[in-house]
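Can you read through this structure? Questions will come right after.
Read from first to last, the chains carry the letters A, B and C; within each, the first residue is number 1.
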Amino acid sequence: MNIRSSLRGGFVSGFVSILAVLLGLTGLVGTIVQGWFGFRSQTPGAWALLLAIALWGGARAARSAEVEPWGRVLVAGLLAGALHGLLMAAFTWLVGSLIDSGVALRKWLAQLTPQAVELLTFGLSPAAAAAVVFAALAIGGLVGALLAQASTRYRWRQSLAQRWGTARERFEAVPAVKGFRQHRYSQQILYGAGLLVLLVAPLVLGKYWNYTVGTVGIYVMLGLGLNIVVGMAGLLDLGYAAFFAIGAYTIALLTAPEPHGVMVNFWLVLPLGIALASAAGVLLGIPVLRMRGDYLAIVTLGFGEIIRVLLKSDTLTSFTGGPQGVRAVGGPSILGFRADDRFYVYLIILGIALVAFLTYRLQHSRAGRAWMAMREDEDVAEVMGIYTLKYKLLAFAIGAGFAGLGGAIFAARNKYANPEDFALLASINVLSLVIIGGMGSIPGIILGALVLKGLPEILRQLEDYRMLAFGALLIVMMILRPEGLWPSKRRAMELHESVE
Amino acid sequence: MISTTQAHPKRSLSLGRWIRPLVAVLVIAFILWRLWTILFVQQVYGAETWVRIGISGLILGGVYAVVALGYTLVYGILFMINFAHGDVMMLGAFAGYFTLEAFDAAGLLNRNLAWSIVCVATAFAAAMLVGMVAAILLERVAYRPLRTAPRLVPLISAIGASLFLENAAQLMFGTARHAYANPNVIGRDAGWVFIVNGKEVLVTYTGALTFVLSILLMIGLLILVKRTKMGKAMRAVAEDKDVAALMGIDVDRVISNSFAISGVLAGAAGVMWGLHIGIIYHYVGFIPGMKAFTAAVLGGIGNVAGAMLGGLVLGVLESLGPAALGVSFQLQDVVAFSILVLVLIFRPTGLLGEVLSEKKM
Amino acid sequence: MRTRILLVFALIATVVLAACCPKEKHECTDEWGCAVFEPGQTVKVAYVGPMTGPYAAFGTDISRGAELAVKANPDVEGFAFELVIEDTQGSGEQSASVANKLVADPRVVAVAGHTFSGSTLVAIPIYEEAGIPMMSPSTTLATFTQQGSEVYNRVAFSDALQAKKAAEYIYNVLGITKIVTVHDSDAYGQGLAEGVAAEFEDLGGEVLAIKATTQGSADYSAALADIAALSPELIYYGGYDADAALMVSQMAAAGLEGVVFFGCDGTYGVNYIDLAGDAAEGTYSTNVPIPPSDAFDQFKADYEAAYGDPQGKLSPFSPHGHDAAAVLLAAIDRVAIKDGNNLVIPRKGLAEEIRKTENFLGLTSGAITCDATGECGPQELVFMIVESGAWVEAPGQ
């Protein structure tokens, strides 16, 4: 704790606050809080955010492992808060004056709506508003520092952790819980119950939730497929959506009335779609066999883009349907019954089960061990007699096949296939859910799909900020927990070994 | 004893051996055939069209080269693709945009030649500053904590950073496109006129400025890397980080410096892009970023001269490609990416060869 | 490990239970079912368009028009209208997802949307199956009303009309015989470029080529040089304003000085002139001019007061958004019945009533009338030309 840390704390808070205002986060938090508590305006929420940042800045400034005299803490916090306040005050004054003198700031900085600006100025003159902001944030910094010091001095963090620990122990000591955990089949019972819920769910959920669950399911399938390429074989594939597209378009082109009019039964075309996607995986694999990790990533990215542009292009429109896509894609039918949304959820669950089963078997097979060895050190693996080329191609083929399956179901369910659905963003989505969920771990990928695809559906209010949060989440996860939310133990070990 | 000779069955060796040359022959044959058809049989384009396309290719290539320099600098030291580099370019473009708009609002932009030059120069300076700051922040926040992590982790972080920057720009500046100021003295609709094959060919002022500036920046960077102390330090760190540290070089600072320089270059490229093309928006850095990386690889990653050459070659090939092959200009990006794939298959070290420590690999 | 599984299981179970809703049972003679509202519930009308992504300006602008329409007609029989705004991000996948979400909500009775032809393609079969009528403010793809859909309607004109009129204007009024049509590889643009080419050839003109570009391209110089090699007299462009502006500003440098640039309704608007600057001078476009009226003046004032931007800045379609929503609301007003304390809206009845709209006072036209195929748009359109930095009516019509 010294001058430098105070200045840094203040500066960072100032920067973050200004960014928050420019991004419209103050307004967003204000609206959400307003909705929760029924306030009359966005001010409470917005200022809660700003003060929280001030508290954090002050806490950072006063962070220290030892107990410090209160005087020093006061100074540190005040300094940080003052810097933060100064920056925000200057910003407020600048914005206020510019707007008062008639400059249409909103034209250039889209989030500075009159409402947003008023959150800062309270309708006062720029100078007065600046003073208010300065005072508020300086005090906030001070309080933050005091709180941080109190936490160190009175050991709040440790006592909280202790209480959590004791509570947990007590919970686990409860005879019912204890008995459950030690019961031989408790894990199986849980899985069984989960399976039951899964089987019954499509019947009670409405169309919308069935559709959402189905989408999450397809992404789980894709995630498991990519997991084989990235997680198990360690090959970073950024063009995964290309295989997705191939599966989808095979179904689409062979079951839709246009552009070809060949309307083959879905069940016959499905294996063909998977096979073609696998073949594409092998074809992609061959040239990239000897490439280094980053080059592999870029080449696969290029490949994905090439497929998308080709699907959309004029030259191939007569074959692929062009940018309009392929409509009225045929779907599966069982004994004459047309597929409806519930059927698709079951089909997807079945698909996931199949893919998960295959993944599990692969993990514990010779191929799985070969991949593990290749991941650790490719050269050593070669020397030990592992035919890396073959296993790399195998990884691509199987991963692509899974994507083909997902793509086929995707196109049939939407009754539509369109090149734009297979853009780079789709590949990045799948990669992110594998990474965030946990590479190499089946439950992790399911969790990742839920978080990345299901959550935005629930939090539609945050629509505008979704991708922003997404990007920030990727960075934060990589720094704090690169192995993902629910990793396989092995990956966690691997990653933390190298990080430390 | 570990035997190394029987690592693979013999079958595959012979398969792998002749597949590459076969593919190479096929690709070259195809290209030659198309060229022959277009140039001599159908004669679709007159000389002036080729010149036009070539000029636009060179100008674009110059921009790609400047951005590629940034990629190559970072990759040479950290072995990591800075996915967010294109977005640094975008931020620089916006900085230049706001500067020019401010000058325009004050009525200074078109007052006279001297003022116009001052305005444009200030715009460049602002963009370079913003680019530098952005790149340094990027490194501090998203890459430094991951210095020791396996390769995949900083790459994901870079992707996340790219997404974050693009969407932050969208939120801050709005989703609509912005029109870059078009100062009278350096307009994008006027320039020098040549007569080729009886038709007029226009080289715009902005195009010429872009190209000349690219060359100057490239030369500047070459001098920096080869002649200055900072450059030497960078090369040392690229060679072997640990040994450089032992020699007393502050590795963290060197890395920050390379990011800073790459940011400066990207910022300048952003303003060049804005002035020449005329329209910017939050997503404008993405594809040029990808293509610039392709250019860096094409020239030989880690190699400054290679990035220059790669950028120019890529720009020209990308523009001439669809015309020469007689395919639609829709497929311009396909040509660019195909070049990447072909280079990586047949000459992975790039045109001028890589300048990387093989030990790291 | 097990506690983790237990927690996730609990999470999933909660979600499932929360989402599970019992279906409402009611008596209803309508073929497609009825929407029943209890007191206090809002009647939902949705707007669907790109609210984020590169064309977010369109979505934002049109949704605002719809919002103003709802403000003007805020309730029916004491039940408040609620405008639900959904984002497609311009993608087909999101479009289907949004459509599925809307049809699952029993309180959604009509959709003002979708906004782009490509995303509408996906949605129509979904709404068709659920019996929810649509009124699109802006999709112009000709085939939409030719497929016998019972739910699709639009207040915009059809591209079949636009292509025909454009070809006629170019051939007859401008006297041009050699053109190149270009599109941006999107459903809307491609439909137009090919439509105009076909019509032009029917008239006897020569279409030198139909070229394609990519949306969001930054540099058209090479593609334009390619077109310049054909020496056309005019380029017809099917696509949107941002790309068109870029293209037109690069035409001179590519050797296309003096060649006429003819756009479509997607390239019309103040934004186009802003982006293209001086290069926009002399370009044509299609528009259905909003007839001057007090209502429109009021709309412009309301728009600026509520949103801060002048009407027409983000896109020229906010009046269309307004009219799409207004026509839907008016039709709902006509078919909604009170059943005790509840409000009942028969779905097929609503779809049919929308098509019976006649002489409705809207902003885009003083007399909006729908036909049996769902075309409610004007049958006349006007070509505009940029003169001295502003759009004016082109001569010779």
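Throughout what follows, a contact is a pair of C-beta atoms (placed from the backbone, for glycine too) under 8 Å apart; a residue touches a chain by one contact, two chains touch by 3 or more.
All values derive from a computational prediction rather than experimental measurement.
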Among all other chains, pick the one whose mean CA position is farthest from the mean CA position of subunit A. C
Specify the chain with the shortest distance from its C-alpha centroid to the centroid of every protein C-alpha atom present. A
Per the definition at the top, count C-beta pairs in contact and tell me whether A-C or A-B has more. A-B
Express in whole angstrom the distance between the two chain centres, defined as the mean CA positions of subunit B and subunit C. 38
Between subunit C and subunit A, distance of the C-alpha-averaged centres to the nearest whole Å: 32
Approximate Å spacing (C-alpha centroids) for the pair subunit A, subunit B: 29
Which subunit A residues touch at least two other chains? 309, 312-314, 464, 467
Residue list for subunit B, restricted to those that touch at least two other chains: 328, 330, 333
Within subunit C, the set of residues that touch 2 or more other chains is 52, 185, 212, 214
Would you pull the subunit C residues touching subunit A in the complex into a rising list? 2, 4-6, 8-9, 12-13, 16, 19-21, 51-52, 87, 90-93, 96-97, 100-101, 103-105, 118, 121-122, 125, 185-187, 190-191, 210, 212, 214, 308
Which residues of subunit C touch subunit B in the complex? 52-57, 60, 185, 211-214, 216-219, 221-223, 225-226, 228-229, 242, 245-246, 249, 252-255, 257, 271, 274-279, 314
Within the complex, which stretch of subunit A touches subunit C? 106, 113-114, 181, 186-187, 190-191, 193-194, 197, 201, 204-209, 211-212, 215, 309, 312-314, 322-325, 327-328, 341, 414-416, 418, 420-421, 443, 447, 457, 463-464, 467, 486
List of subunit A residues in touch with subunit B within their complex: 19, 22-24, 103, 108-111, 230, 234, 236, 286-288, 290-295, 297-299, 301-303, 305-306, 309-310, 312-315, 382-385, 387, 389-390, 428, 431-432, 435, 464-465, 467-468, 470-475, 478-479, 482, 494-495, 498-500
Going by the contact rule set out above, which residues of subunit B touch subunit C in the complex? 44-46, 48-49, 52-53, 56-57, 60, 170, 175-177, 179, 182, 188-189, 191, 199-202, 204, 207, 273, 277-279, 281, 283-284, 287-288, 318-320, 322-323, 328-330, 332-333
